[in-house]
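Here come two complexes built around subunit A, the first alongside subunit B, the second alongside subunit C.
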Partner chain A sequence: MNRTVAKEDLDSRIFNTINIILLCICTVIIVVPLWNVVISSLSSGKALAEGGFIFWSKDFSLENYRAVFNDETIGLAFLVSIAKTFIGVITHVFFCAMIGYGLSKKYIRGRKLYVAMGVITMFFSGGMIPTYLLIKSLGLLNSFWVYIIPALFSYYDVVILMNFFRNVPDSLEESAKIDGAGDWRIFLKIFIPLSMPAMATIALFNGVGQWNDFMTTKLYITDQALYPLQMKLYEIIVQSQTQAMQNVGGSAIIETTTKGVQLATIVITTLPIVVMYPILQRYFISGMMMGAVKE
Partner chain B sequence: MDKLAVVPVNGKNPMNSKKPMGQRFKEFVIDYKRQWEIQSMIIPGIIFMIIFCFIPIYGLTIAFKSYTVIDTLDSAPWVGLDNFRIILSDKYFWDAVVNTLGISFLKLAIGFVIPIILSVMIYELSGGRFKKIVQTISYLPHFLSWIVLGGMLIAWFSSSGMFNEILLNLGIISKPVNILLDANKYWWIATLSDIWKEAGWGTILYLAIMSKIDPTYYEAAKIDGASRMRQIWNITLPNMKPIISLNLILTVSGLLGSNLDQTLVLMNSQNRVKAEVINSYVYRMGMTQGDFSYATAVGLGVSIVSVILLISANKVSNKLNDNQSVL
Partner chain C sequence: MNKAFGKKGLKLCTALMAVVLVFTGCGSKGNSDSSSKELSSIEGRYTIDPETPAWKLDKKEETTDLTWYVNADWWNTDFGKDLVTKKIKEDLNINIKFIKGDDTKLNTIFAGGEMPDLLTVLDSNSPVVQKASTWALPLNDLADKYDPYFNKVAAKDTMNWFQLADGKTYGYPNYSNTQNDYDSGNIPAKTAFVIRKDVYEAIGKPTIGTPEEFKSAMQQIKKEFPEMIPFGFNSIGKGTGSLGDVLQDFIGVPMETENGEFYNRNLDEDYLAWLKTLNEVYRNGDISDDSFADDGTAFEEKVKSGKYATMLLDGTPQQSGNLQIFMTANPGKEYIAIDGPQSTVGHEPTLNQSGITGWMISFITKKAKDPAKAIQVYTYLLSEEGQKLMNYGIEGETYKVNEAGKIEFLPEIKDLQLNNADKFKKEYRMGEFMFFGHDRDKALSNDAFAESIKQMQEWGKGKMKPHFILENINPAQGTPEARSLTAIDTTWNTSLVSMIRSKDDATFDSSLAAYKAFLNDNNWDKIVEVRSEKMKNNKEKLGLK
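Then we have the complex of A and B:
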């Protein structure tokens, strides 16, 4: 008996040690590259051209950030990103909650048809070109609203909210109805405050999506004034890539300047997400679970 | 109340088929009017779905037309399957198909297994702070956009970047190389960067399922003298089988739709031959070359194949899971 326990103990200890070592390696593989970007962005152009550092900058400098902040178009892009994320999230969550509330009532006329339509939108879409033609004919090309209006609705989010609203006790609604409240009033004054956790989850996912979205701009926007940070960054990347290829062995100075700006822009673009991350983390696991549970 | 939800089958309502059509319509109108306030919440959603989903589905008809910029959707002349015929003899399309399948296959072969292993490893940690730290860090890359990650990759792989520095120090290479300009390595870059970004995120669902496994199973196994590996093999993995097969079905159905953002940011003139995927080909043909009908036809073909893949993957998994459908 004792021998089995001892054997199991040893086996477990070896297992745990190997497990922890492997997970440490995994963590390092994720953290070191990210850290490298941050310290590279804080290096002078000269140090960047020479390279030779991984963990710590050779020549600390804020010149890249100065260059980025001096570029007015990047400041504008930052504002566009914030505006589209903020407005987009609020309208999206309200719109989906409104429809989800309506559909959560089993007695409404035409419910089966509405649900069927919603399910179709989950599996079929017209794809890139027909959607582009639609956006074009709606006059949304080169309009700020192209960030907001097509992103208003997602049937996945509607289903999540609908299920959440169903779990609110009926008696609350009934007593409000007896007091003479209409559906809108009940929705706005009772259900919305009660559903804050679910709505926050959807808001956070949608917010990350809006902040990171770049295809919308790439497809529908040509006006530079409406470029969000992601598109601005994409332009800088493409620009530096072409330059790097044209200057193979040529003037390295241009390359390193754009590289520095590129790195600083990457850090600035990611910063809001990293700052929001601790708040995000509270919600996204429950969000994943809610998303996995379908009607 | 239930009566209200009954939907007509073949124009006849099975619940009250005796009532004439006109009367049922009248009842519907009366109910609808009484529910107008709650219905007013749904109407915007219905209008949205019709405009932004159903009109583009109707717009797929241009795949069977010859659409030019001067046309409207309806004025363009029908050409039947001509666009599809051209696709079949288009060398660039088939290159894109090969790349899409190659990258997707690598992602499936490696990227599907790693989150499972990783989640088992995290699950086996006894808890505490280290577990939290590992989880927090592994989820983080998921929240970076492909544009940001693409920019990072370009910086890491540049001739003075981190990647070359490590290889030089380890003595693997003697001269810096930029592997982003090496077409033959692109599939691996696309695969591994995708895994780096999403592997940690992929563990969340698995970990949630594992936390529901009855701990007495493990206790019983321990008494029987089962090693830790044996416990994982005989308890943890069998318990995750349904969710793994569900994930596999969803992955298989997405085989042809590999990441457009990733390709757009990592593709350059040097690696294009190996980097072009179907989605980026649709983008290039449609948006930059203006061949809308052709691009739509490619997109439609891909969607149809994807649906077929989804259905067959589901069938196969039903067989494997003793006819218990996971979808």
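Then we have the complex of A and C:
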């Protein structure tokens, strides 16, 4: 008896040790390049051009960040990014939840048709130019709402929510109805609180998407005041590249290099997501788990 | 259940398709009405005078708003904030709203019918440019009607070069160099074979013109400077670095066959002899394997730190910053241009520079609200006055003309350019607003190029030859020939590298043979036909024989 326990103990110990070693290796593989990006972005252009450092920079300098923040419109771009992510996520999650709630009810009329229509949109999209024309006729060109309205609906997210809502026992809804609750009340007071993990997962997915998206801006926005951070930084990068190209008779001092500016940009854009991730992570895990197991 | 869904799904699909078809069918109405637009009248504003630029005559009081699309993401869209654009704004009484983007954006602009007043693209070979007559206004007509002075400032050769089938010219490029420009000697060479001065002196300043001399010089460098790479070249990337057409120009490989047809310069015997030499140099260990793998940045780092003893360097102005850094840090060791490899059959170098096609090309669209103002912008920027403004700013404010008649930045401006590039860019923006910019204007000032490349440019004098006949001769985009050509070019790039890196002569020959076989299998004859035809057209346009 004792022996088997000891054996199991040994087994799991070996298993754990191997696991820990493997995970450590994985972590190192992931963390070292990230760390290198961070310290490289904090190095002077000259040191960066010479290269050869991995863990600690040779010549500490904030010049790369200064080059990025030199643009005074970057503050506004930051605000646009935050507004578009915040409003975009809330409206998207709420909108998808409403549709998902509706579609999760078996008694709704034409449900199969809606589902089929949704599935089709998952496989076929209008294409870039028709979409542009649509956005144009809707009067959304050069409007902040182009970030929000076209991003309201995602059938993929609706399916996730729909499945989640289906797992809520019918009896719960029935008893609420008997107590006199209407659809809104049931949706807001019962379904939404019960589905927080799914909502958080979708919010995270969508939030990262909104934060990183610059194609929308590229296609539909020409007014610089509506540029989000990503577009602004994209611009700074291309400009630093052409500056290097146009290096004609110019100065011999290199404070920043294209690479340095790019690295600083990566850090600036990634940081908010890195900060948000641990906060949302616990929802994220339970959201994934709940979707996976069906009773 | 499944079957039912399948049927339903099919019905649904058909219905959706029908709806889509009906809608798209209706969509394109009302967009094509502008093709026969009459040029609007300028009566009451001014009467044209061939001797005076129209912007000086125009009495329009309200400021004209122009939108200008530039198909480049890096374009700085500010207008009227810095010295250069402020002056343009005042002189012409215009306000320009710049829009920028890439090809995707350009497509949506065309599809959506949201045409700007002016439009600049970077690829003169693109379908948009080829079809300019459908969406742009002809510059000839605009000049006749609004601003005949334009014909004085526009280069005739350039106008002819961009003429479309209807005999009219729609776009005008920047950095278009004509035969006159070449003849004037104002365009500096951008290619040179350079060697570090200290190395050159240490090995006794030998001539390295023949393959034998070249090989032995490299060996000597290797012996005396073991930490250096004897021979380097521009980074290869997806192209040929400076070992393809640049080397061909350097040793003067002919551009056409004797009867004026397309000549495959890659298979020229003289050139192949040099490739063989490079292969031997490689086998002697005098070319680093890294050189084939380095990207632009890695190459620049090596230039900056003087790692290469010699280089076949293309684009010296682009490298001038790096060369300058090395020069400043290592006085007496700077890179200098020498004659370097020469033709084994006695050809003279035929160095290339930007050709007549130029770089960015600008159009006035049919949707232009005030085409008269738009052509005035062209005339203004193309004139002597505009050119000086774009490059050097305003006399007395940013530059002065010295005794030698050369333009010189005022000391505080020069200082700003060297030490506070950001402020210089932001407040003055000289040399950056370069629609209609031109190489010849660089000759107006000694400050236009860095010290580090002046000797190289001096060396290149008299060694340049226009490559006009070879411009824009590739098969039209989308044709089978164009696809074959892309494959052939890629194959050539890899063949070139394998040939230079061959372990022995046999491998070299087999790589070459494989390239030749690839040509035969991929429509090469057709491509040659197309190119020869286009070369003939080029000659006609330029009046060459």
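The working rule: the second predicted complex is superposed on the first by the 209 of 295 C-alpha atoms of A that agree within 3 Å, B and C clash if a C-alpha of one lies under 4 Å from a C-alpha of the other, contacts with A are read in each partner's own complex, and residues count from 1 in each chain.
Here is the rule we use: a contact is a pair of C-beta atoms (placed from the backbone, for glycine too) under 8 Å apart; a residue touches a chain by one contact, two chains touch by 3 or more.
Remember, predicted model here, so these are calculated numbers, not experimental data.
Note on subunit A: of its two partners subunit C and subunit B, the one contacting more of its residues is B. In the superposed model, A:Q239 lies in contact with subunit C only, and not with subunit B. In the overlay built on the shared chain, the residue A:S195 is in contact with neither subunit B nor subunit C. Contacts of A:W184 after superposition: subunit B is touched, whereas subunit C is not reached. When the shared chain is aligned, subunit B and subunit C each come close enough to touch A:K112.
Of the two partner chains placed by the overlay, only subunit B lies in contact with A:I54; subunit C stays clear of it. Looking at the shared chain after the overlay, A:K136 reaches subunit C, while subunit B stays out of its contact range. When both complexes are overlaid on chain A, the residue A:N212 reaches subunit B alone and has no touch with subunit C.
In the superposition on chain A, A:T222 makes contact with subunit C only, while subunit B stays out of contact range. Contacts of A:F15 after superposition: subunit B is touched, whereas subunit C is not reached. Subunit A residues in contact with subunit B (one complex) as well as with subunit C (other complex) are 49-51, 112-113, 117, 120, 128-130, 132-133, 218-219, 234, 241, 244-245, 259.
Taken in their complex, subunit C has these residues touching subunit A: 5, 8-9, 12-13, 16, 24, 27, 73-74, 76-77, 99, 101-102, 104-105, 107-108, 111-112, 114, 297, 300-301, 304-305, 317-318, 320-321, 324-325, 328, 417-419, 421-422, 431-432, 447-450. By the touch rule above, subunit A contacts subunit B in their complex via residues 4, 7-8, 11-12, 15-16, 19-20, 22-23, 26-27, 29-34, 36-37, 40, 48-54, 95, 98-99, 101-103, 105-114, 117-118, 120-121, 123-134, 138, 150, 152-153, 158, 182-184, 187, 208, 211-215, 218-219, 230, 233-234, 236-237, 240-241, 244-245, 259, 262-263, 265-266, 269-270, 273-274, 277, 280-281, 284-285, 288-289, 292.
Residues of subunit B that touch subunit A in their complex: 1, 4-5, 7, 28, 31-32, 35, 37-42, 44-46, 48-49, 51-60, 62, 73, 118, 121-122, 124-126, 130, 133-134, 136-141, 143-148, 150-152, 154-156, 158-162, 164-166, 176, 178, 181, 196, 200, 204-205, 208, 222, 225, 227-229, 260-261, 264-265, 268-270, 282-283, 286-287, 292, 295-296, 299-300, 303, 307. On the subunit A side of its complex with subunit C, the touching residues are 49-51, 67, 70, 112-113, 116-117, 120, 128-130, 132-133, 136, 141, 218-219, 222, 224, 234-235, 238-239, 241-242, 244-254, 257-259.
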